[in-house]
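You will see chain A twice below: alongside chain B first, and alongside chain C after that.
Coming up: the complex of A and B.
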């Protein structure tokens, strides 16, 4: 490269990006490593008139080259030979982080240790003496608190002062004679010994590293090296069952000695993150706490947002009346008042609860709690064939199935992802709530809360049962294992939280402005027109006129399908339009019963109509819960999983809804 | 260490708040079943409120158990119990604020005759009281063993 190259390396979450940004400022660019799509960050550092090219390597725990990240990091250090490697070590987790440091020293890299998060270590009761650590490791150690900008100047100075330094050789007492024997043979090939650190090659050969064997294959002294390797291995295998494990033990033995020297005080103490995790991830308390937090989230969503919904409801009512009274043409006035304004109002009234729900979820995600929720729920989800991470999209489904299905992208395994997508629509989104409220109010007065809760529970229960069934029949095999490093807890970053909330709410607004709005206008149009032409806006309030509308024609055509459940043509029409969006169902019933979209009025009208009994009303609620949530959800399933799964979802949900409703009517009829 | 608290204090806090949350959690759960027991405040009749209170009680009581076992991790349970309790109290205050908007600004018919005292729930009072369990442990990552 012709310039001084500095590589940054460290375990994940050690503060590598913070240090990289502090060193390079804005002079950085992002690319990909050759041949792989792993992000590569590079930047320039200028210090005391000298320029350094800084390369940020992927976060890795070791250099064993089992993963792409490890391979990239190792290849860069071995092949590109950076002039200096800044190894960022988390002081609060010294033991684990030093494993990588030792591997860097084995390669022979010129290492400077950036001992980051010393404040966190002290909070944990660990006091490290950087000088003693420096002596034990044989490399410069710079204590830092990168998040507060402490130690940045010192690390720059250490970089500038330690270029061209010869690192200290690491010695593993149990293996030294064997390593030495191999090194002697490797050094017979001058080119090989020049290109690589012979000690590192010897250790890796003893560990059985396939990549290093490949390097030896190309050596002119290949036969001698392999012969000596076989002899040495034979002797070592008499002492150790697994050589790779024995070397790992050797490294940990050395780490133990180093930490004993470097840690000058250790007082067992928990950090605040550890205190939170002690309880939130508790074997028995974790799940009830999770349920409690979810209840509080929904309470916040619905109770606290209620006045804002009422303001929107009032505004659109006023606007509709104002516009309607100023337009002489009946059709145009009705289109604006009963179609466009009432339609838009009936949808936007859900904007506050949806925005509040997203706000609460964004806060829970940003705080780090959602990762714990996935962790504690993993065992339960696993039993039903789902992955622990599936719980997050499933909870999000209570807010809106559209972003929830998009959130399944966090699931790495395709089978887990598709399965989560397929069962997600069974999670009851707020659009179904007005349907429950109207029917529970009409037929289960005094027990509305229980009946509505039972709908949510029915959705969850069906989602789990269907997931289990699909796992047995379609996605055979076990869900993938939950591997995730829990992120640290954060104080709320309100800018980020509000940004995420807005991004999600905006999606709902777009949906409201297009699909739902269009659907409501279509219901209006089909209600005020019929085979005989325009019926007048009175059709919306006059049952005799409404029977002559297109919507009645459609309802009568569909009604035989639903007659086993005892539902009339109005219910059939409402369910039909519910295909577009569930928000339309109550509005449609209001139009068909001639009482407008107000929930209480619709409730009274349905109760008075004599069409429903408590059993058939409960079945109607269950059908509304289960059958396809809305066109937008189908579209997003198609986008995320393809046409095949979108059609499958539609088909299975309709069949399931029909069977469950039929079962409710059948069993309810027997019990009644 | 920023502050210090001894195991005895943890035990006392764990016992008092564990029992308080348990009593009100049971009252809330029973009210959902139709039993109206009034102990200072009227129960809300919300089953999940009852379960949430019982859960917080369990967190405090596990803290008490750990303290009795001379385990320093007991402080974590008091800390988290207090946080959860205060969060529920905060939620109750937000709900009261929303209902006040409905009553005094929107003049919603559903809130005719509403009084702020109507929204004084068991978890609002316990949330306020939880501040007293939070203060002794807020700066103590781990309890001292003396």
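Coming up: the complex of A and C.
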């Protein structure tokens, strides 16, 4: 006997993740569904000595299979036939949530309803009697407040007790005779009737579901089924104009009956949510408030994280020196100190700002504000050919493009999604900030703030213009329809927020960490060796020695490319290594100028070197912003959109960076 | 009968018809926007998306989509 499989399903925002975590604890892992990049979360639940395999299905409103998520959820329930399906229902939103429940019952799944957020429902003035809901639905109902841990034990118990239960058949009075006629013909094919619930097949055929037609095409009784389908449809169409609509009507009719029985008290209240929405989604106030909140988020992030970053910076500097001074072998000491430890430090220094930014975003999402942000920004985004929901991954890009690109999964339409992915690297991540700081400090003393801000704005502006251009040229047509549920504003559930923050930070650490770390080690290797062999660790501090290294060879080879912008070979090398990660650019310049990685020192050295003018420095900053994202970002683009788009992103960004830098030098030259 | 997008804030109406393909219909149905249901316009600023309430759900709808939902004002 195989293991017992429990599937978890529910609408978005019903608290599915909280329940999944509560059921499986630490025994869970994340993968991808075969063939697609939608996350597959699985875990183990142990209850009274029994083991259950729990699969968390994507959050969906229905099983019509129009989006990838719906298709995955439906295929899993239909094909894998889990032993039990826990349908998580938001009690404060019973009517709409029951639509999915009815579809599950149609398929013939063994459903247990987890009636979550009963506290929120009561706050809204809705009182539900779980016993009556149970009677009306014909499946067990467990009331819960998952965010407070209430009902977890009860749901475990319900899972264990209801295995193998035969679910009650759902009847649609208006269609019953017709469904039965079709079922009779479908049952002629024993294999078909064994693989699928014949009633479900019949309903879907009547609704005109293309996918189900495909299943019937493969049956040996195909002709009989199709013939009967045509007959039944003809009769039904005399009564109803549109069968799909008639079934939707039938379902909602049934839902009305069920909710009438189950909801025992209801009073209208102007909820807190509605009051907040008066302000947050206001025509004129909405966008200024959005900008204000974003500003506060970044202020919070950078102010709070700065001391942590300083500590990490200091610690790795100390560790490197301590380790280096205890090892006699120069090459080994340098590899440890300047390669591995410095590499680790350069990655971990970004951990605090990224973690705090994700903490702030997770809180904004959990509170319900992010959905409003998408609503408020839709008008602006739409004008540039983007979808309202694109705004969230784009803002997250300011934290790190890696998880930001993963966050585009909330966009259902493939064109919208790829377009949002392609422009995401133009959102300036914190790794570019040191480059701006060094150059602004060197050439725009006293105006650093303005100059750095202009870089962020340049990135946003270019992202919007490029999106508009690509929409006109490649992704012809309009962005897909904007439709999203606005969840009620929530009091923060800190356990959930911290979980989401950690998941995103971990992605940054894993994806970016390994690549950036590797990159720093490669830079070290190419700096301390040259055509003549090992140069000694002094090469990292001594410019004259470094001229003999592979790095210099590379720089001289690349330099002609950048001569129109007036950059020297050192700048070329820095940009080349910036391809691995933008974090490396300043460090590389520090090495090349023989002053180490400290920002102010690098800034002074660059100002004193005389190779840059304010104009060429500004062009260098812009080039750093635009040209190729780091390797980790490219890897994520490849994972989410495929090789073709990853290469496309690299190509267009190099060209764009070059053009913008040239333009800055050109215009700056005229003005100067 | 008028498109949902023409209604003022606070107006209540019953959905009569959805003009559009299967995909549009299925998505709206899943969120509770089905012919026969009553909707309330929570936000309509005559530009950009709208917010409508169906039962206990608040849904943000693009203006283009709201043009495809024909309603009868009550």
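What we mean here is this: the second predicted complex is superposed on the first by the 400 of 672 C-alpha atoms of A that agree within 3 Å, B and C clash if a C-alpha of one lies under 4 Å from a C-alpha of the other, contacts with A are read in each partner's own complex, and residues count from 1 in each chain.
As a convention for this text, a contact is a pair of C-beta atoms (placed from the backbone, for glycine too) under 8 Å apart; a residue touches a chain by one contact, two chains touch by 3 or more.
Computed from a predicted model, the values in this text were never measured in an experiment.
Applying the stated contact rule after C-alpha superposition, one finds that A:375 touches chain C and leaves chain B untouched.
With both structures placed on the common chain, the touch criterion links A:289 to chain B but leaves chain C unconnected.
By the touch criterion defined above, A:12 lies against neither chain B nor chain C after alignment on the C-alpha atoms of chain A. When the two complexes are overlaid on their common chain A, residue A:310 makes contact with chain B while staying clear of chain C. In the superposed model, A:93 makes contact with chain C only, not with chain B. Of the two partner chains, neither chain B nor chain C is touched by A:669. Judged by the touch definition given at the top, the superposed model places A:300 against chain B, while chain C stays out of reach. When the two complexes are overlaid on their common chain A, residue A:274 makes contact with chain B and with chain C alike.
Of the two partner chains placed around the shared chain by superposition, chain C is the only one that A:478 touches, whereas chain B remains out of contact.
In the superposition on chain A, the residues of chain A touched by chain B in one structure and by chain C in the other are 124, 274.
Residue ranges on chain B touching chain A, taken from their complex, read 1, 45-49, 51-52, 54-56, 58-59, 62, 72-73, 75-77, 79-81, 84, 87-88, 91, 94-95, 97-98, 101-102, 105-106, 108, 141-142. Across the complex, chain A meets chain B through its residues 123-125, 267-272, 274-276, 278-280, 282, 285, 288-289, 291-292, 295-296, 299-300, 303-307, 310-311, 314, 449, 453. By the touch criterion stated above, chain A contacts chain C in their complex at residues 60-62, 64, 66, 92-96, 99-100, 124, 126, 208, 244-245, 248-249, 252, 273-274, 277, 281, 283, 371, 374-375, 378-379, 382, 388, 478, 481-486, 488. The part of chain C that touches chain A in the complex is made up of residues 22-32, 34-37, 42-43, 45, 47-49, 51, 54-62, 64-65.
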